[in-house]
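My questions all concern the structure below.
Note that the chains are named A, B, C, D and E in the order they appear, and that numbering of residues resets to 1 at the start of each chain.
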Amino acid sequence: MVNTYEETEVAVEKKFVKKEHDINADIEWAKINKDILRSLERPRAIFWVIFVASFALFMVGVSCEVYQYQTGLGVANLDNPHVWGLYVATFIWWIGMGHSGTLLSALLHIMHADWRKPIYRYSEAMTTFTLLTAAMFVLVHLGRIWQFYYVVAYPNERWTWPNFQSPLVWDATAIGTYLTSSLIFLYIGMIPDLAICRDNAIGFRKKIYLFLSLGWMGTDRQWANFRVTYLTLACFLMPLAVSVHSIVSTDFAASQQPGYHITSFPPYFVAGAIYSGLAVIITLFIVLRYTFRFEEYMTIPILEKLAKLTFAAAMVWTYLNLIEYASTWYGNDMYAKQALIYRATGNFAPFWWMMNFLGSVLPFALAFKKVRTNIPVMLVLSILLNFGMWLERWMIISPTLAHGIYPWTWDHDQWPSFVQWGIVAGSFGWFNMLFMLYCKIFPSISMYEVKEMLYERRSFKTKKVAEEVSNPELAVEGGLAS
Amino acid sequence: MSKSHVMALFSDFDQASAAIRDLKSANLEGFKLDDVTLKSPIEHPEIEELLGKRPVYVRIFTFFGALFVPLLGFLFVASSQATFLLQPKGGKAVIPLPPNFVLTYEFFILGGVYMTALGFFICAKLPMKRNKLYNAHVSADQIGILIKAEDAIMPAIKDLFTKHKPLEIMWGEN
Amino acid sequence: MIHRLLAAMFFVFAFSGMANAEPFKWGGPIGSQTSDGYNALGPVVQQPIEFPHYRHARDMGINCMYCHTGARRGYVSVIPRIDKCIGCHQSIESVRNKPRIKKLFWYWDHKEPIPWKKVNDLPDYVRFNHERHIQRFYFRQNRPVREVCGYCHGDVANMTVDRRVKALSMGWCISCHEKDHRENDVSMKTSHGPYECWQCHK
Amino acid sequence: MSITNLLNNWSFYRQKRPFRGQYDLNKQYSEYKWAMALDLDICTGCNACTTACYAENNLPVVGKERYQHGYAMHWIRIERYWDENMGEFPESGTSFLPMMCQQCEEAPCETVCPVGATNHTNDGLNSQNYHRCIGSRYCSVNCPYKVRYFNFWNYPSTAWPSPLQDQLNPDLTVRTKGVMEKCTFCVQRLNEAKSRARTEYRLVKDGEVVPACVQACPTNAITFGNIVDPKSKVAKMWKNQQVDLYKDEQEKDSSMRGYRILEDLRPFPSVMYMERVRDMEA
Amino acid sequence: MSESGINRRDFLKVLGLGGSSLALTGCGNTDIRSGDEVIMPNVQPEDFVVPGLSVYYASTCRQCGSACGVMGRVREGRVLKMEGNPASRISGGKICGLGQAAVQVQYNPDRLTQPMMKVGSSLQPISWDKAMALLDEKTGPKSGIKGEEFGFLTGAMSGHLNVLTQNYMESLDSRNHYVYEALSPAISLAANRRVYGVDQPRLHFDKAKLIVSFGADFLGTGASPVHFAAEYAKFRKAPRGTLVQIEPKMTMTGGNADRWIAIIPGTEGVFALGIANQLLKHSEFTGTVPADIVDLVSKYDADTVSRITGVRSELVGHVASLLWEKTPSLVISGASVEGHAHGVQNAVAVQLLNQILGNVGKTIDGQAQSPFPQLSPAAGSFSALKAMNEKMGADEFKAVFIHGANPVFTAPSFMGFRDNLRKVPFKVAFVNALDETAEECDLVLPIFTAVEEFGSNVAWYQPEGVEITIQQPLMNQLYPDTRSMGDIMLNLVKARKADEYKAWPDFFSYLKTAIINIKPVVKYTDTDEHFWYDTLSNGVIHVDGAPQQVSAKFAATDLRLPASANAQDPVYPFYLVPSERHYFRDGRHANCGWLQESPDPMTTIVWDSWAEIHPKTAASMGIKEGDWLEIASQNGMLKVKAYVFPGIHPDAISIPLGQGHESLGRYAKGVGVNPFRILNPVFEKDTGELALYGTRVSVRKTGNSEIVVKDEGPVNTQMGRKLVVTLPADVAQLSKEI
């Protein structure tokens, strides 16, 4: 039997490409430009609804902060010894979310997993904005926010320096490094796309893109430099992302507070960060997919891959979580053990159990393909998982502080005041606002990389078909004859 | 002898590479591969097989950044600790190594990233002014081949291009 | 907050930290203290009486501590009590009708304190101990009083109304505390000033 | 900021503090190390020390509502513990424990402050510079004794209705909102005494200066002094009780009463407590 | 003090640098601003006033009756802090928290700053001239007021102000000087007089190896807490003495005891007789006690005692054997022993142990006789208030003066004191702040606080010899419209006896002359002026006096103790223990924020009243900490939060005194409840004093609850940590310590 080229093509597609059918390899490149640049034009009405809601939420946070600024941190219902509360918990949570974006992008880039290409851009943007949000919490939680610049190392008329021994300074350094590096990574990766925007935009927008695209022309020399640069940056960013959250964990692990002073905290924090980051990527995936009609690029198989990764991360986190409890229990240190028992039985116990359920049990739903491919379910699930991770951070901060080494000062039964909740809510508004503005101004899917992906897919297919055609035996084996 | 530029737009990479292959085999006098520039919407590393390896110097920047910035960072931290003598810490040395290593590591990343980015801008000559011989299609789905050549061989190049059915041929001052 | 930010930025660029450590410098002729010769940093302060420091400290050669009695025994150097001024001036008939002296006697007659303006005004939370500096450099090291006081106050003996001439910033204080000063005028042994925050911050 | 400075003094900068001999009378480093000895057997729990501290250190009275929320600013507090295996009645009385900043030599709070607002002075105090503090509250988190108090409210505007502000001690700042504060061993008194002593070319004499709590204590349960001076009462007591400043586990006779609280965390506190004694046969 | 005759208040006419050195807003403002602040130099200060330097002046603490010598830290004309005066034998250079709060009395934001007169039902400010004119009109020589129509109610007084007051009453030919203290030692003094023949014997804690204290909270309240705390410290040093405390509710002293025994209130005497019974079984005590007493005591065997007192029977023998083993010992009785209908007998029964054990002369002996009996304190008593109340009720008074007492607050409601007071046509109060009594008065005169006032004091309890503590002003008067109580009294006396007092323009000069008159007694050889200044700078005058003879006399008739003190009362099953808080006492200083925020040592509760209830009782009634309880007696009901407290007898409920003000300023008003209100009319039979501990109450749970504001956390043990370590006394080698 003679196989026509077309028949072979279909067969090859069945055999090889089916597994990789996450994106249709035959989309016209010009259509990609058009589809994605459309997100910079008029979005669905839901966009504006969310935007206005976010702005309102942000203003709630701002007014709470103004009140707190004028009155003192007491209005947040923090007290001695419960000096940290939702601010620090939410700070870690935002920082953690920022992880998956850049880390995933860099890791998958190095590993040549090309399904990252439609989703990495908005993930990186998410990283940037979660970091900005987290940095905001660092300021908000300070008693004297107006003196925050004392932490910055610069020569000054006081002849003072920050205390480089403090994990908070490492934190500031690490976050600063991560923020700037992520920004550079995001920007450099965006330059070819900015050139596309420039080539298609008109009016004042063109001037902006003209400026931002730095005259990129896509010459072979530029591409060669670009490739090396992008890979190198990815290599730097991956360890950086790991280091940032480990350093954040030293804020706790390096202290003497029982329940904070835990050796496994750095990997535990990193795992939690990746976990919550993946969950938020899924959430944003679904939202963007709907808002900007990206169904062709953000396809269900990609979502499934993300879900599988999330499941894996959840299991890593669960393991580290349990090992933390186990080692505390087994280590039999009186202070830490009492703190652990307090977490499970004290005032915060309902939240602690909820956290364990949401963090460890709920992700098993992701083992089912029906769940993974169901978009509304995934939306709810990802939000719930993230809420569980937020609870995790809160359960590290609050119960532990309420139950320290010194029994006389235990637990005044503090519940965060509306100021704390307001500022936490405001941070969501702030993040959403920034992220949506970003998606409105910059392409949230990397156009050139999607093209690259399609190009690779297509050449792979072509190559395979060519192989099949020139080698009939292989074709027979592959079942083409039938 | 004056030189001028010509650019041809092709609808896909195969056509463009065929054109370059032809150019190479044509053995035109004074034609150098260095003068060929491929403008593409995506990266085509395969083109280096035809045009020869394009030198990339970014890694040199990266190397120096990752080497010297942490060193300088360590010295910066240590010396500011030494001058900030009014705050010795109980239980710790004035210049304690573990925190400084953590910070040095951050400086290492920072140096690597910054210098890589700097190297990229320098090596890729960004920001630059766009050539006049630029077409917006290059950023969408077409491939452009820009050749800088002496006027004498310019007609031959154009002929060669035409043979490969380009979508468009542009020439003039760059 | 904004002004503090701006101030911080200003200091970064204008002073860049170490620039504040100025060597002691004698002033110029009388009347020149407004701008040149003094690194004058502070504004011209309107005092209730334009007290001629040059007349007392330079022309008469009166030791600073004759009036500022607290300098050698306490944290504050003390603005002289009015009966101290009167103690001399009621027997100096020659200047009795000068307007400034008339003003002085007006306060004295009404038993009212003279509302002097503070010129070298450290923030309220800073405790500068005059006693230790005077004891150390004037009594122990035997340096001239105009130099000892002048290191911070400038050459007041050539001024009319006192004017702030030094930065008085924290880095400026530390720049001097860092130096090794001879312990007295005979021995070559040196020591530096204390570094602790609590030494000055209260 | 110079490399030569770094290289020349490298070993000095790498020296861990405290090191044996850091405090000695020959002034290798510092001739003062303030320390306390607190006899729990004669502490009656009367709170004279806490009130004296309020008077001396401008501590705000926070009021009932805020006290309930744990905003009390008592730099020294008297804790009252019942015995763990008490029957129907606490037949052997109760235990009072005055707890203030222990002025640890290896203070956990010091290393974690991002701006270095808290650090060690040469005379062995754990200093807290209110004007440097930005209020990250990390020190309080890391303090095992929980004796650092944060100004959650703007007390200067509420705690001293006129003319109560006339009572405020001018040697001390009144702390505004957003800064951490704690017991200072009445550093304003120490500074005054030290400067007086320096003017007279001598060291501060034993008993010349005491913090307000020590001054008030009706039973003299608190002894304060310079532990470097072997002739001072507090040094004698530490030596007598076989408590060594630099050890995290004391080797002492079981009949001796000296101990330091939470020594196993290795903060090396400067306050030695002396065990409560009870006549078990009574 | 360069020129004699200058009133010491003048020296503080100083405007110092201090104003500018006070950093109220504290942090912030890092920039240097030339010319923004103003320095006010002194015009003509005293030589010793150096801006920026503190000066310490000796004076006397008047916060309670102990008359501790204190030092006031003064800077730039303001008194900043009170400290102990080492020259004083009473304070020994120490001070309690109540004494520290003297500066808060001085700077209290709710101080009365000008005279007030009742117009209609409210008080309106008037000028001093008008106030004095009114005073003169109503009580002056021209008013024709007769001695019996005039009453003067004061708190316990001593020193020269007391002398002036007596002289004033004399000049009026009035015997109606009522000295009233809500928490008076009157019953204790009566018992002492009966047993030892003196009002107050001297107690030698340091000589005793064992102290058995029946409800005496000598560390917290009582005659001289600061002094006794120091004595207690000596007692605890090697050889370490043992303290046994027997009381219904654990006081601070009980908390420090080696053995604390809970007992039903009022049965302490029975317990003491039970101990005596056990002791007398030992042969060495035969013959030391009269036979009729031996007879009486023999009725009290351990089981009977246990049944009456609610103490385990073996403890009777245990305490007896302790007393037998450890000599010399000291047995003392306190307020909870004395505050009963049989209070004197109870106390006498307790003191009997001292006689049996032969402690009299060893650990108990006489105080020095004062050569100046007129300066000795006039002890306050409840019976004085009762007498005055009856007279007021009978409309016998045309005018009353009230100074140093707040009877409207402290008188139990059954007396109807407020209504009786309202019947008096002209009532004058001399106060620092408007209290409940002052608000009922027609004329309220703001007087100097203790730190603005000159004076002299003699304490009730004298450790050694006689100490006259001199009170000198620590600062100039804070408010121009306040006046010295001494000056007012002097003027009042002058209005009657101008000739005798014309030599002294003011109280200061009167006091100075009087003090200089002491000079020969203390054998001072220098000039009068020097003596005066030495006295001022010392703060105290020590006069040696011959010790009074003390001999114990007991009669069986004094030991008639009710057999059924613990009779069941079905309606009011609980004994009310109105406990005295060590910094509140009768509540006159409840308007000091420091004292309100100073936790109660035993419960660590602040800013509130509470009802202590034993865990067993609480469990049986289903009461938890913070539950609102209704505590009712025959005379009223209080709503108060429960605090479950193991240190109380299960049949007793304890509510602290001193709170529940309806007036007295922002820090006191509306805080807690006032147990004085619900006391029953139970009186001590021998003295007629109010029996504070004689009230029975019922307890009812309301069902509401609220957080108890306290310093203590949710746990009250050390949770396995080594925070306070306890060493058995036989292991400790205190003698090896320094």
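Please note the rule applied: contacts are C-beta pairs under 8 Å (C-beta built on N, C-alpha and C of every residue); 3 or more make two chains touch, one makes a residue touch a chain.
This is a predicted model, so every value here is computed, not measured.
K.L.:
Hey, how far apart are subunit B and subunit E in touch steps, shortest way?
P.N.:
So the least number of steps between the two chains is 2.
K.L.:
More C-beta contacts across C-D or across B-D?
P.N.:
B-D is joined by more C-beta pairs in contact.
K.L.:
What is the chain whose Cα centre is as far as it gets from that of subunit E?
P.N.:
Most remote chain from subunit E, centroid-wise, comes out as B.
K.L.:
Name the chain with the Cα centroid closest to the overall protein Cα centroid.
P.N.:
The most central chain here turns out to be D.
K.L.:
Measuring centre to centre with C-alpha atoms, which chain is farthest from subunit D?
P.N.:
Between subunit D and every other chain, the largest centroid distance is to B.
K.L.:
Could you tell me the distance, in whole angstrom, between the mean C-alpha positions of subunit A and subunit B?
P.N.:
About 29 Å separates the centre of subunit A from that of subunit B.
K.L.:
Determine the centre-to-centre distance between subunit A and subunit C, using the mean Cα coordinates as centres, and give it in whole Å.
P.N.:
59
K.L.:
Provide the C-alpha centroid distance between subunit D and subunit E, rounded to the nearest whole angstrom.
P.N.:
The answer is 32 Å.
K.L.:
Quick check: how many Å separate the C-alpha centres of subunit A and subunit E?
P.N.:
Subunit A and subunit E have C-alpha centres separated by 68 Å.
K.L.:
Among the residues of subunit B, pick out those that touch two or more other chains and give their numbers.
P.N.:
80-81, 83-84, 86-87, 89, 92 - these are the residues of subunit B that touch more than one other chain.
K.L.:
Would you mind listing the residues of subunit C that make contact with two or more other chains?
P.N.:
4, 124-125, 167, 169, 174, 195-197, 202
K.L.:
Can you list the subunit A residues in contact with two or more other chains?
P.N.:
In subunit A, the residues touching two or more other chains are 144-145, 147, 158-161, 163, 165-166, 169, 405-406, 408-409, 412.
K.L.:
Enumerate the contact residues on subunit B facing subunit D in the complex.
P.N.:
75, 78-84, 86-95
K.L.:
What residues of subunit A sit close enough to touch subunit B in their complex?
P.N.:
Subunit A residues touching subunit B: 28-30, 33, 153, 159-161, 163-166, 169-170, 173-174, 177, 180-181, 184-185, 188, 191-192, 195-196, 198-200, 214-229, 232-233, 236-237, 239-240, 243, 247, 250, 448-449, 451-452, 455.
K.L.:
Which bits of subunit E are touching subunit A when the two form their complex?
P.N.:
It comes out as residues 27, 30, 711-715, 717-721, 723.
K.L.:
Across the complex, what residues on subunit D touch subunit B?
P.N.:
Contact set of subunit D toward subunit B: 1-3, 5-6, 9-10, 12-18, 104-107, 110-111, 116, 119-120, 126, 266-268.
K.L.:
Can you tell me which positions in subunit C touch subunit E when the two form their complex?
P.N.:
4, 7, 42-43, 45-46, 69-70, 73-76, 78-83, 107-108, 111-125, 163-164, 167-169, 202
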